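Have a look at these structures, which come just after this line.
Heads up, the next two complexes both have chain A, just with different partners, chain B and then chain C.
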Partner chain A sequence: MDSLHLDQHISHQFNEDLELLRTKLLEMGGLVEDQLRDAVKAIETADGGLAEKVRKTEDEVDKREMELDRESITVLARRQPAASDLRLVMMVTKATRDLERIGDEANKIAKMAQALNEEGGDPGRGYVELRHLARNVIRIVGVSLDAFARYDVEAAMEVVRGDKQIDTEYKTAVREMITYMMEDPRAITRVMNIMWALRALERIGDHARNIAEHVIYLVHGTDVRHTSISDIEKALQQKS
Partner chain B sequence: MSTTMNDTFLDDNANIPEQAVGAPFSDDAKIAIRDVSVAYADKKAVHEVDLDIGRNEVIAMIGPSGCGKSTFLRCLNRMNDTIDVCRVTGSIKMDDIEINDGKLDVVPLRARVGMVFQKPNPFPKSIYDNVAYGPRIHGLANRRSELDDIVETSLRRAGLWNEVKDRLDQPGTSLSGGQQQRLCIARTIAVSPEVILMDEPCSALDPIATAKIEELISELSNNITIVIVTHSMQQAARVSSRTAYFHMGRLIEVNPTQQVFTNPDHQLTEAYITGRFG
Partner chain C sequence: MDSLHLDQHISHQFNEDLELLRTKLLEMGGLVEDQLRDAVKAIETADGGLAEKVRKTEDEVDKREMELDRESITVLARRQPAASDLRLVMMVTKATRDLERIGDEANKIAKMAQALNEEGGDPGRGYVELRHLARNVIRIVGVSLDAFARYDVEAAMEVVRGDKQIDTEYKTAVREMITYMMEDPRAITRVMNIMWALRALERIGDHARNIAEHVIYLVHGTDVRHTSISDIEKALQQKS
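Coming up: the complex of A and B.
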C-alpha cells in the first residue's frame, strides 16, 4: 500500500530521494529493534556477550541517524517539498531521533544486563515483570515501524493504546519492585538494576508512541501529540 | 504499489468540486466574486468562480499554465475588455461598486485597482514622469510641490528612492529589471490604489530583486489588498496569507497558505504543489 504515492512525481530523482529516506528509516528501525531484542535477551539469559554486542551497535545507529539527517536536509534544500512530501521529510527527521533514543535506552538495558551478570547470584525476583513489559514494548516498537511502512493509521493507534497499557504495567511493576526491596534489603542493588531496565522500557514505549503519532501526522496532516486517546479518535473520525 | 501516474493517485476525491473546497469566503471582503465565468468566443476559460478577496490580505493564485488564473485576475480591473472576443459574466463587487458593469468608467476603476505585469513596462519617459503620470491624469496634485511629494513618497514606498533620487530625469528604461519593476509598482501606488493585481511580477527578476519585491508586497499589504498570480510555489508560500488553486478554469481550493503547503484539502492541489503531474 502506498497511499502517499511517493513514486508518482514528475521528477524520478525526487521519487528516488524520498524512497531512499523511507527505506533508510526502516533499516534504522530494524537495527534498533534488533538492539532492543538483544538487550532484553541479554538480561534474561545473563549473556554478557550479547550485552556487549548491543553496546557496539550503538555506533552504527548513531551513524545512521546522522546519515538520515543529512539526506533529509539535502531533500529540503534541493526539492523544497510541500504537503505530504514535506510531512514525510519532517516525520523522518523526528522518527530518526526517536529511534536513536530507543537505541540509547536499549543500551542502558544492556548495561544493566552486564551489571546483573557481574553480580551473579539468584536471577529470580523482578524478571517476570521485566519479561512481560519487554514483550509488550518490543511488540509496539515493531508495530510502530509497520505503521510507517504501510502508512497505516489503525496500526499507529494500536501503538498509542499499547503505550498507555505499558505505562500502567510499568507502574504496577515498580510497586512490585518496591515490595521486593522491602522484603529483602540485600536484594536492593539487584532490584534497582531491574528497575532501571523497566524505566528504560517504559521510555522506549513513549518513543514508539511518538513514531506512531508522526505516522498519523504524515498520513492525515493532523498533529496528535499531547492529545488524549479519545480526542485522537475523534479527530481521526472527522478525517475519514 | 502503483507505478503509473494516472493509476491511483487521482481517485474519486480528485473530482473537480462544484464549489472550491476550503475557505473561499471572508468575513471582511474587499472584493466579492460570485459566479464569475470568462469565455473567449465559444471557449470557456474560467468556470463559475465564487471567491472573496479579504481586505488588505495578500492572496496568491496558483495553478498550471492555462488554468485561467491570469484571465481571472484580469477580470478584477476589467483588463479583459481589451480583448474583443472575451466575455465576462457574473458579479464582481468591490465595496460599493459592481466592477463587471459595462457602464462603469474603467479609468477611475483602474486607479483603485492597479496592476503590475510580468515584464516591467515603464513608459518611455523619465523616472519622475513615470510616477507622476497617474497623479497628473487623475488630477491628484494641484501644485508641482505636491506632485514632487507624491513621486518621492511613492518611490520611497517602492524602496527605490535612494537608488534614483539623483537621476529622476533619466529614462525609466535605463534602470535594471528589478528597479524597473519597482518603478512600475511606484507608478501604481502613486494613485493610492486600494487593490494591486500582480501577474507574475518576479518571473523576469533575479533572487535579490525578487526578495525586494516580496518585501515590498508585505509592506504594501498594511493598507492595500494584493492579488498575486505566480508560478513560483515558494513565492506563493512566502508572500501570501491565503492561496487559491485553479485547475482547468475552475477554482479548486482556497485555504490559508500554511495549510495549502502542509496539508491541502484537495488532491488536485496536492498533486500540483508536490509536482505529481505536469
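Coming up: the complex of A and C.
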C-alpha cells in the first residue's frame, strides 16, 4: 500500500470507529428509552412483570456504559482525534453516563411500581400528575436522542426548554402531594412512593437536558452548561 | 535545542499540564467540601447567612467544572497522552462532574436550611438522623479526595464501604421520617424538607463513591463500577 492509500485506509478505519461509537450510544439510548417507558407503564397498569423486566435490563445498560467508555478510551489512545472528532468521543463518554443514570432512575420508578402494586387497591390521587410529568419526560428523552442522531441543535434547544417546563410541573406536583398527605395521613406511604417516582422523572429530565447540552457542544464547540436559556439562544445566534 | 532536550522539554511541560489538572481538581474538591460543611451547619444552626454563602459559591464551582473540562480537552488534543496519563485526564473530566453534583446537592441542602429557617421554631424531630448521616457523608467525601490526592486504593475502598453504610442509614432515616409525618401530619412540610436534605446527602455519598471508583480505575486500570464490594476486593487482590 502506498502512503496515500495507507492514509486513506487509516482515515477510513478512524471514521468507522467514530461511527461505531455513535451507533452504540444510540443503541444504548434506545434501550434506556424502553426501560423508561416500561417503568412508567408498570406504574400506570400496576404490572409487576413489566417492573421486573425494567430491573433486569439494568445489568445490560450498565454493561454497555462500561463497554462504551472502554471503547472511547481506545479510540483516544489509538487515533488521537482532534477538533470535532475529539468532541464526539468526549461527548460519548459523558452521554453514556447520562443514559446510565436515566436507566437507574427508570429502575427506581419500577421499584415504586412494585411497592404501589404490593399495597394494592385503587391507584388514587397523584396518578394524574405522575402520568402528565412522565409523558413530557419520555418525550424530551426521545428528542434528546434524535438531536444527537441528527446533530440537530434546534431539537436540543427544545429539550432544554422542555426540561425547564418539567421542573416547574414537578414543583407543582410536589406541592399537591404534600397537600394529599396532609388531607389523608393514612395515604402517606403511598403518596411518598409517587413522590419518589416524580423525583426520578424530574432527574431524568435533567439528564435529557445534559445530553442536549452535549449535542450543542458537539455541533458548535460551545459549552452551554450552567447557562440560562436566553443566554444559550444568544450564543447560538452568534454562531449561525 | 537538540532533540533529546526538546523531548525532555516537551515531557516536562506535559507533566506540568497533568499536575495542574490534578491540583485544580483537588482545589475544586476543597471548595465543594466547604460548601457541604457550610450547608449542613446552616441546617443545624438555622443560619441563613451561611446558606446564602453556599448558594453563592455555586457559580464558582460551575465555572471551575467548565474550566477543568476545557483544560482536559486541551491536554488530550495537544499532548495525546497514553496509558495512565490518559486515564488521569479521563478521570479528571469525570470527577469534576461528580464534584459539581456534590456542590449542587449541597446547594439543595442550603435551600432546605433556608426553608426550615423561615418556618422558624424548634428544629424538632429528624435532626438527629440528619446530623448523623451528614457526619458520615462529609467524612467519605473527604476520604475520596484524599484517596485521589495520594492515589490510595485502600482509602478508596473505605469510601465504597462507607457509601454502602450510608445507603442503609438513609433508608432507615426515611422510614423514620414517614413515621413522624404519620404521627404529626401538621409537621409534614417540615419533615419533607428534612427528607429532601437526607436525600441530597445520600446522593452526595454516591458521588463520593464514584470518585473513589475513578481512583481505583486510575491506579489499577480496572473499571469497578456496578460491581459488588466483594467482587471489587477480589479484583484488587489479583492486582496486588
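Methods note: the second predicted complex is superposed on the first by the 230 of 240 C-alpha atoms of A that agree within 3 Å, B and C clash if a C-alpha of one lies under 4 Å from a C-alpha of the other, contacts with A are read in each partner's own complex, and residues count from 1 in each chain.
To be clear about the criterion, contacts are C-beta pairs under 8 Å (C-beta built on N, C-alpha and C of every residue); 3 or more make two chains touch, one makes a residue touch a chain.
Since the structure is predicted, the reported quantities are computational estimates derived from the model, not experimental observations.
K.L.:
Check the residue A:Leu76 against both partner chains and state whether it touches chain B (first), chain C (second), both, or neither.
P.N.:
second
K.L.:
Is the number of chain A residues in contact higher for chain B or for chain C?
P.N.:
C
K.L.:
For A:Lys171, using the defined touch cut-off, is the partner it touches chain B, chain C, both, or neither? Pick first, second, both or neither.
P.N.:
neither
K.L.:
State whether A:His226 touches chain B only (first), chain C only (second), both chains, or neither.
P.N.:
The answer is second: A:His226 touches chain C but not chain B.
K.L.:
Classify the contacts of A:Glu65 with the two partner chains as first (chain B alone), second (chain C alone), both, or neither.
P.N.:
It touches chain C, and chain B stays clear.
K.L.:
After lining up the shared chain so the two structures overlap, which partner does A:His9 touch, if you call chain B first and chain C second: first, second, both or neither?
P.N.:
The first partner, chain B, only.
K.L.:
Tell me the contact category for A:Leu86 with respect to chain B and chain C: first, second, both or neither.
P.N.:
A:Leu86 contacts both chain B and chain C.
K.L.:
In the overlaid three-chain picture, which partner chain does A:Ile188 touch, first (chain B) or second (chain C), both, or neither?
P.N.:
After superposition on chain A, A:Ile188 lies in contact with chain C alone.
K.L.:
What part of chain A is shared between its chain B contacts and its chain C contacts?
P.N.:
In chain A, residues 80, 82-83, 86-87 are touched by chain B and also by chain C.
K.L.:
Which of the residues in chain A end up touching chain B in this complex?
P.N.:
Residues 1-2, 5, 7-11, 14, 80-87, 220-221 of chain A touch chain B in their complex.
K.L.:
Touching chain A in the complex: which residues of chain C?
P.N.:
Going through chain C, the ones touching chain A are 59, 62-63, 65-66, 69-70, 73, 76-77, 80, 82-83, 86-87, 90, 93-94, 97, 178, 181-182, 185-186, 188-189, 192, 199, 223, 225-226.
K.L.:
Given the complex with chain A, which residues does chain B contribute to the contact?
P.N.:
So the residues of chain B touching chain A come out as 1-3, 5, 8-9, 233-234, 237, 261-264, 269-270, 273-278.
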